[in-house]
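Below, each structure is written out as structure tokens.
Same chain, two partners: chain A is paired with chain B first, then with chain C.
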Partner chain A sequence: MIISLQNISKSFGANNVLKNISIAIDKKECVGIIGPNGAGKSTLFKIISGSLFQDGGSIIFNDANIDKLSIEKRSRLGISQSFQSNSLFNEMTVKENIMVACSQSFKVGWELFKSLDKRTNIITKSYEIAEEVGLTEYLDFRSDNLSYGLQRQLEVGLAIANNPSLLLLDEPTAGMSNEETKNIVKMVKKLSTYYTTIIVEHDMDVIYSLAKKIYVLDSGDLIFDGTPNEVKNSKLVQERYIGIKQ
Partner chain B sequence: MFITEILNALQFSMTLFLLSVGLTIVFGLMKIVNLAHGTLYMLGAYIGLSIWTFSDSFWLAFVFAPIATAILGALLYKVLFKFIQRVDPMRQVLLTFGLIYIGLDSVRLIWGSMSHSITTPELFSNPINIFGETYPTYRLFVILVGITVLLILYFVLEKTKMGAMVRASVDDHETSQMLGINTEKILFYTFSLGCGLAGLAGVTVAPIVGVEAGMDMEVLVLTLIVVVVGGPGSLKGALIGSLLIGFVDTFGKVFFPELALITIYAAMALILIFKPGGMYSRL
Partner chain C sequence: MNAVQYDKKLRLQLFIILCCSAIFVNIFGDYFTRFLLSEIIILSLFAMSLDFLAGRGGMISLGHAMFLGIGAYSTAILFINFNIDPFLCSLLAVVIGLIIGYLIGFIIVKTDGIFFIMITLALGEMFHSWAYTNDFLGGSDGISGILRPKLLGMDLNEPLFFSYYLLILLILVYAFLAAVTDSPLGRNLDAIRQNSGRVLSLGGSVKLYKSASFGISAAIASLAGSLYAQLNGFVSPEISHWTVSGEGLIMIIVGGIGSLSGAILGAVVVHIIQHEFSKLVDWWMLLMGGGFILVVLFLKEGLWGLILKFKNYIIENK
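What follows is the complex of A and B.
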């Protein structure tokens, strides 16, 4: 097991957004978290990443308690993420974005004053990442000049730049065209064979095609978990989530 | 006359650059307008004055005054600024405004209300002849200091891993944290460096403008204008903004002495009409 969420709860005022959620995820597993709006998916995502802290419960990552760790400390332990919102360095090119991201995993000290362009290990790694996320031909583009779909691909590139042990993807296909969705699904499918992945997603087809196991949240409760087929066939899920959508 | 004014404008621009570069990068990183930045400039001049008085060496003052203001900046960060990031801007303004008064009264208490002066180092005591016009060599030295700092900052910010991390943190603080960049450490060192540069500006211009309580307020407004015009968070913005305001101010005083202040504000308004975020905003 790589990560275990134990009885996680979170409230905003009187609103109990998460109620005793327990989830355990194995290495190299690709897990989906779904639920209607307000189910608590994004809150849970933020709690795992460290951008929010839970009120109760614990998070065990690689056998260590990470409850008190900040987002950057969790990142250094190997928890990496791609947010829904634009989280790129807009003033930088695609290459610079990836170089900054993957430079974190290389030696520091006086190396801090060495040019990134002269660090062959970082350059090689950057090209590998760009290829992985399909951005080789856009390396010299400023990231704010990329199409929305390519920006999301780059965000995933930043998230995998430090060889994470756990990759968190928050609605990776949100706002994308069908073509862009197809591209990113194909990319994430490939990545999920190397990295333990948690995907929060609205699009059921996307989650069915990517996740091996799905957790269903509703109003802060974990109401079901199972394989995509089990979720599809669950009357409770149909009634509480899919039914609502239809 | 014309060459003299160009050099004066350049010297003033470089002083503004030393002041604004720290302020603009700190604003980019922390979203704090540090109104007390001018106070560190003034303290740089006063600390330099004390070192010069005791040691009789301008060069010791030139080296140690910026180090002292950088250490002071580090302390201010640890006890105050660390806790006011991303809070209500009004609290930031009130706190940093309060620091101006604390700085002013502290200076009066320690050094008195009299004006002081630092003698130009002997190395620069003779003026130089440039195209038939004599010009004080010390002012050329101030220009050189500004250009040297500019080149070092450009190299560090644009060409090194450290600089890439600073630029990334200015660009998107949260994403930087998400990637494991220690933004807290970057903030600390950048803030201290900015305070050190303000101190460097203070001690460097002291032989030209003198040392007196209240010298901070004179430059603070101009520095803020430079940051606004250049665009917060940008090294290039700080440079271009400093050159623009430095030249407009110097030539405004020469050609339209009655409208000297208006020319600066008119230039700022004109730029903000076409570029509301400043010329090179990174934010």
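What follows is the complex of A and C.
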């Protein structure tokens, strides 16, 4: 097991956003988290990444308690994330974006001399990542000049730059055309063979094609978990999430 | 905050042109021209320290003149009270500026935007008030009797040699900052300026990077302060007044924030305008203010942007 969420709860004022959620994920597993708007998916995602802290419960990552660790410390331990809305370095090229991300994993971010452009290990790694996320042709493009779909690919590229043990993808296909969605699904499918992956996604087809196990949240409760087929056939899920009355 | 377009070659070309101009002025100028040149080089160092901080790390300091003061007073105290060699005084002033800058940076870099500006302003004014009322620092009269170094048998009290000495230091600081700008730290500062949250999520030590850059910038401002004390032979609290920081910021905005060479060009233009216009008319500050507004409105990348456009125009019409 790589990560275990034990009785996680979170409230905003009187609003209980998460109620005693427990999830355990094995190495190299690709899991999906789904639920209607307001189910608590994004809050749970932020609690795992360290952007938010839970009110109750614990998170065990690689047998260590990471409850008190900040986002950057969790990232250094190997929890990496891509954001729902693109969070790139817009004045930089694709190559520079990835190189800056790699400088963290190579632990040279504080070094004062030797240009980043002349560090062959980082350059090589950047090319590998660009290839993995299908951006080799766009290395010298400024990231704000890329199409939305390519920016989403770069977003994932930054997330995998530090060889994560756990990759968190927050709605990787949000706002994409069908063609772009196909590309990113293909890419994530490949990545999920190397990395333990948690995907939060609205698009059920995407989740069904990527996740081996799906957790369904509703109003802060974990109402169901199972394989894609089990989720598809669950009356409870159909009723509460997909909205089909039996 | 945006920085200017990154063009390493043009940055170096502009720097070489400015250095050659300085050498020309030093050879053919008189005593007063050389003194003006020395002032400009020292202000260029100060402007570069601000440019590095604002252009790379997106931190706008309105209290950076405090480090000019720290450098100048350190030099004065070390020389007058401890009889330390003036060159060594400057080196120690850099170390003192670096340490104080890093420690202050470590505390204040958690803030950004208007809060960072206000904290630096408050710190600068605290230092200024302290220096103004402190008897050990000479109060409002300051400290006088600071001498320039003697290096390799050359007496730097001779203006020609002192200007060359300053120019060599300017070249060294430029080379250092250019290297840091292209280094992993420099690129990470760029990234932090654009999206600090993302650097954090990538595992970057945002606080460490920003504190280090604040320390580096403070060390360079401190060097400028030390040299200013040696140029004038005395130091007074006015060196650390917030308006001096404001003038430094005007220089980098006029030159083009983040261009390094543009900061030097900004220092040249602003100081010459101040120096020459103030002789011609009493209302020169009105002219300066008007010129500054025009630059902000129509030249967002400052004079650097203008030079860049000119270069691109030439390339396109070749």
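In this text, the second predicted complex is superposed on the first by the 237 of 246 C-alpha atoms of A that agree within 3 Å, B and C clash if a C-alpha of one lies under 4 Å from a C-alpha of the other, contacts with A are read in each partner's own complex, and residues count from 1 in each chain.
The working rule: a contact is a pair of C-beta atoms (placed from the backbone, for glycine too) under 8 Å apart; a residue touches a chain by one contact, two chains touch by 3 or more.
Computed from a predicted model, the values in this text were never measured in an experiment.
Bringing the complexes onto one copy of chain A puts chain B in a clash with chain C. Contact with both chain B and chain C is seen for A:Asn162 once the two complexes are overlaid on the shared chain.
When both complexes are overlaid on chain A, the residue A:Ile21 reaches neither chain B nor chain C.
When the two structures are aligned on the shared chain, A:Leu69 is found in touch with neither chain B nor chain C. By the touch criterion defined above, A:Leu88 reaches both chain B and chain C.
Once chain A of one complex is fitted onto chain A of the other, the partner contacts of A:Glu96 extend to both chain B and chain C.
Of the two partner chains, neither chain B nor chain C is touched by A:Ile198. Once the two complexes are laid over each other on the shared chain, residue contacts for A:Ser49 go to chain B and to chain C alike. Overlap of the chain B and chain C interfaces on chain A: residues 49, 51, 70-72, 75-76, 80-81, 83, 87-92, 96, 99-101, 103-104, 108, 111-117, 119, 158, 161-162. The touching residues of chain C, counted against chain A in their complex, run 2-3, 179-180, 182-188, 190-191, 194-195, 197-206, 208-209, 212.
Interface of chain A with chain B (complex): residues 49, 51, 70-72, 75-76, 80-81, 83, 87-92, 96, 99-101, 103-104, 108, 111-117, 119, 158-159, 161-162.
Considering their complex, residues 49, 51, 70-73, 75-76, 80-81, 83, 87-92, 96, 99-101, 103-105, 108-117, 119, 158, 161-162 of chain A touch chain C. Residues of chain B touching chain A in their complex: 156, 159-162, 164-165, 167-168, 171-172, 174-175, 177-183, 282.
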